[in-house]
Amino acid sequence: MATVFIPTQWRDLTADVESVEIEGATLREIARGLEARFPGIAERLGDDGGIAAGVAVSIDGAIASRGMLAPVGPQSEIHFLPAIGGG
Amino acid sequence: MAQAESHPRKYKVIGTRPVRHDGADKVTGRAIYGADLRLNGMVHGKILRSPHAHAVIKSIDTSAAAKLPGVVAVTTSADFPDLQDKIADLGEGAVNLAHLGANVLAHGKALYKGHAVAAVAATSPHVAQEALSLIKVEYEPLPAVTWVLDAMKDDAPLLHDDVYTKSMGKKADKPSNIAAHIHFEKGDVEDAFAGSDLVVEREFKTASVHQGYIEPHVSTALWNQDGHLTIWTSTQGSFTARQQTAELLQVPISQVTVVPCEIGGGFGGKIAVYLEPVAAMLSRKCGRPVKMVMSRDEVFEATGPTPGSSMRVKIGATKDGKLTAGEAWLAYDAGAFPGGVIGPGCMCVFSCYEFPAARVDGYDVLDNKPKTQAYRAPGATQAAFACESVIDELAEKLGIDPIEFRLKNAAKEGTRRVDGPVYPRVGFIETLEAAKASDHWKSPLEGKNRGRGIASGYWFNIGLKSSAAANVNPDGTVSLLEGSTDIGGTRTSVAMQLAETLGITAEAVHPKVVDTDSVGYTDVTGGSRVTFATGLAAYEVGRDILRQMCERAAILWECDAAEVESVDGEFKTKDKRMTFAELAGKLSQTGGPVVGRATVNPEGPTNGFGTHIVDVEVDPDTAKVTVLRYTAIQDAGKAIHPSYVEGQMQGGAVQGIGWALNEEYVFDGEGRMANASYLDYRMPTALDVPHIDTIIVEVPNPAHPYGVRGVGETPIVPPPAAMAVAVYHATGVRMQELPMSPPKLWAAMQK
Amino acid sequence: MKEFEFQSATTVDEAVSLLAAKGDQARVLTGGTDLIVQLREGLRSADLVVDVKKIPELMTMSFSPEQGLRLGAAVPCHRIYGDKDVAVAYPGLADAARIIGGWQIQSRASVGGNLCNSSPAADSIPPLVVHDAVCHLAGPGGRRTVKASEFCTAPGKNVLQRGELLVSLEFPPPAEHASSAYMRFIPRNEMDIAVVGAASWVQLTAAGDTIEKASIALAAVAPTPLAATEASSFLAGKPATSETFAKAGELASQVARPISDKRGTSEYRKHLAGVLTQRTLAIAVERARG
Amino acid sequence: MAKKTHVATTINGEPMEFLCEARQSLLEVLRDNLAMTGSKEGCNNGNCGACTVLLDGQPVDSCLVLAVEAEGAEITTVEGIADDSRLHPIQQCFLEEAALQCGVCTPGFIVTAKALLDRNPTPSEHEIRFQLAGNLCRCTGYDKIIRAVQDAGKRMAAEARGASTTTNGSPARQQQKQAT
């Protein structure tokens, strides 16, 4: 199961739970799992099946480039971060 | 075929210093930059800009301007499609198209002095300029706000009534100038501070600064009678320029070709479009190519800058010098539209160190400045100024050498950052060790009113998408097509990686930056990504070519392709060998040309750390700071072309020195920029800086076949903090404000 | 830039009649480093621009130790510091000429143009004042002279009347045991407008230890370049020591009445006026001692 | 149409005539009328030096010269620095020493450096920094530019010595040409 770290600003939906183990082979499956446990979280994470503007997903330290289709491994660590660009 | 060796021990091309491929054109004046383009029938566009920092635009009357002889087209935002609430993913990040469009030409409200209001095209730039004075705009001025903390107040003038504070996807219930709130937390912060032997908390502020590229923004558009739009422009990303323009005009992306011209500097400021859609609209109206060039004051007043900031940083440590806890509160202005660089600011503020517990709050704040843009390690320099200043003060109070203090707490492989992810192999410790061993650090600084400072900094390398293709020529050379616009020599650093992969010389690769119809999608030149990601694409192109060439050799030798090996520019089997050039000359006999291609989207994180040392002397009477000696140390992973790596380090350091000492946006009482010229903006001249010594540390990036880490951005991060520490040791004053310009430093020294 | 007519005059009379005909819509072009920027940015307007660089008198620089210096109003800065004799005889003037803009500007900009632009921050005006330069003007009514110290009347304004042209600047012959210096404070080391500028001229006794006579002038501390007369008269008869310079600096600082703007605060400028007075005095004395 | 003036001048050694409006700067005419776009516009008010040309041998910001003022003048632009067959030592040193990144300030630096080295081929670091202070560069931090100018001066001095001790067209000179 992947370990999903809940951003502090979403913990109003998770009763302050900081991280959870979720089963899923893609980010979409992880998102569904999260929504099932913590209703409302899917809306924060994204819209229309994509990841919300300004949010980036880090899977094992790499920024996912395939959006909700990003593969997730059984031991993966997932973080939700602000999206960054560069100069 | 045999696997190409992914980590050759000895490189033939990488690490050498060939003359750049575009060099001769650039030293003879032949290179074609955006403003050098001339097309038949070309006319010239100019933009009318708001004289007010904040005003309702009640009406715009362009009739008199349209009648001026020589004027061929006039436009305002009324000519553009309505783009309410559309979000476009631009690769480097998403953008609200209504905001982007309203920045290009104001919709109903002018939000900063210099905001574009209308545009004219005419047969000469002088006529276009005259026509602007005939456009009548009725404004209702509103109170303006240009300081981030003022803009956050409840009673501040509100810039937009449809912007609500967003917190990681969560939206507030009333409009606010605070467009976003970011929060990270790791561990029990209160507990950790309580267990600290020493806590230092300081407040900092920094002024807005501009990227300062010497070439003003320029674009030429031709909306042809067949409906196809071609744009020649100076941009960090031709594909993102194409997408932004297509979205703003609501035309299919296939209808737009962006031809990147040579670009005269960008540093993050030439990613967003300004002129492209306007030139396109004017061209559609007059049926001729329209060229638009900004003047220098327009560049200052309507593009860039990077945020001004207010910051509070609190850090705790134990007596023996272990960091216990950190807390940062960062407010950065976004300018007139949401989406500043607070995100990376928050991610970078504590990124050099291992913090058992820490909390970061960040705010993206609207105010009446041009929409802020990325500037070299966007958001990180301000944050490092605050964090590194506190780190230095802690080290001093604990009586620990500042390098030793950093070494005790340095981020390393396995360190969990405050924002969550864990570092892979990084080279921060190596930069500190190199600093400690440097001649600069070991040489005592003597003399009155002098001080030495040291500071470190961090920046990501973003990966993103890069494509490339290459044709093998019969003479054994290879033509490389790429989509990364070349701002600082990347044609060469990318070509060198292809040359290394193929085992040929750097000169045998002919790189070309081509238009959006001629190469696969490639993201912006930014985020320290080109040598890393487009270089990776070139490597993959090389592998593709080698695979095909092995097959061709097998045809010639009438053997199985698996028996052919390619090593160091030669193809061989047990008993036969042929050079790359020999085989290239025989391709037509074996089925025709070989074209290699690749597209990559590396996700692997790369991270660049740097440590800078500076000696200054402060005139005790005037408070003027003179930089005596400077050394920049950085982990480059593997320096492909060391001269250009050094160049990035030197250029970034000097930009950082400018940020530290004199550069700033000065606003008058009405929120208008008072120093919109190079004369009064005061970027460093050759006479203001010493030679910048460089030490390149190489801790190979495990996520790149040649170990590359991008180097472009990190070098601007440490300088302001290092300068502030040096000024402290020279004067006894810890400056918590940028710039540390003479009047400000003098006032502080009087206290 | 708005359209204008361009005329290149070859005699003073021709220039004067062209200028007189157009009045305030005529502008004199010397180096153009201020005028062209001002026309481009709409800060000044002109129907007629009269280039005076083809008038020999305006391009002549002649110096002799007996006669002093006659400096044509359009002589570019590089010729001033490039002439060893002139630079040695009027070091404060050469100091200023060497730091107006960068090299490219110094190839064009003239001291006469700097004076006629009449900026309070002009680098070359304090040296003109302390060197007692006299301005030779030509106008429709003939020629007249005005002391450089009385030339500027307000920011960007001066005594020139309709149709009048600055022809040359006349400097008295260098005195024995005398020298001068000009310094300005800028945040960078080149390419800035003076936050404060100060020129000092001193004449020492033959022994070189006492100041006989001195003159100090300041830039960017008042609406016009300012002669610090109290400080100047204080110095007469005083020993040439750092204590004396410090006291003169204080006196100079007291007459400064600067504004606060993007280039510096009023308080800081007053302080700098004192610092630069002291420093230029020290240099001028050093130079006077040879 | 605005009134135009006929101007006769010499640019890079070639007699050149053009028609221009009085309000057009020399930079504008070079770039727009004569298609010599090597001189760049960075600020159009004399603060960046990207448009530097030599006017009768003196470096000037061509944005601050009216084109009509060029009547009878000799102008050298970046396009006139190299020989027909080889780069000038300044250009060669800029390339070899990576003294440019984006390259837009480079023409101005090369022209100013030529003016400096023609007068003094062995300037000190401080002299180079002082004389080049009117040219802004935002990419390089100046380090490599200063070194390239210094090295170019040495090469120019060596070439001058070579030229004075060998007759024109000597083997030594020929070899040097081929080498660069």
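General observations
Per-chain residue numbering starts at 1, and chain names A, B, C and D are given in the order in which the chains are listed.
Assume contacts are C-beta pairs under 8 Å (C-beta built on N, C-alpha and C of every residue); 3 or more make two chains touch, one makes a residue touch a chain.
Here the structure is a predicted model, which means the values were calculated and not measured.
Judged by contacting C-beta pairs, the busier of the interfaces B-D and A-B is B-D. Separating the CA-averaged centres of chain C and chain D is a span of 31 Å. Between chain A and chain C the centroid-to-centroid distance comes to 68 Å (mean Cα coordinates, whole Å).
Centres computed as Cα averages put chain A at a distance of 27 Å from chain B. Touching two or more other chains at once are residues 1-3, 102, 189-191 of chain C. Multi-chain contact residues of chain B, defined as those touching 2 or more other chains: 126, 211, 266-267, 678-679, 684-685, 687.
Contacts with at least two other chains are made by no residue of chain A. Under the contact rule stated at the top, the pairs of chains that touch are A-B, B-C, B-D, C-D. Here chain B touches chain C in the complex through residues 126, 129-130, 621-622, 624, 661-662, 666, 674-675, 678-680, 682, 684-685, 687-688, 741-743, 746-747, going by the rule given at the top.
Per the touch definition, chain B reaches chain A in the complex via residues 87, 89, 92-96, 166-170, 180-185, 211, 266-269, 271, 339, 341-344, 346-347, 374-378, 419-424, 459-460, 462-465, 524, 526-529, 601, 603-605, 712-713.
On the side of chain A, the complex with chain B involves touching residues 5, 7-10, 12, 43-46, 50, 52-55, 58, 61-65, 77, 79-87.
In the complex of the two chains, the chain D residues touching chain B come out as 2, 21, 23, 31, 35-45, 47-48, 50, 77-79, 81-82, 87, 91, 94-98, 100-107, 110, 125, 128-130, 132-147. Only residues 2-3, 5, 21-23, 25, 44-47, 49, 52, 55, 58-61, 63-66, 68-69, 71, 112, 115, 130-131, 133-135 of chain D touch chain C when the two sit together in their complex.
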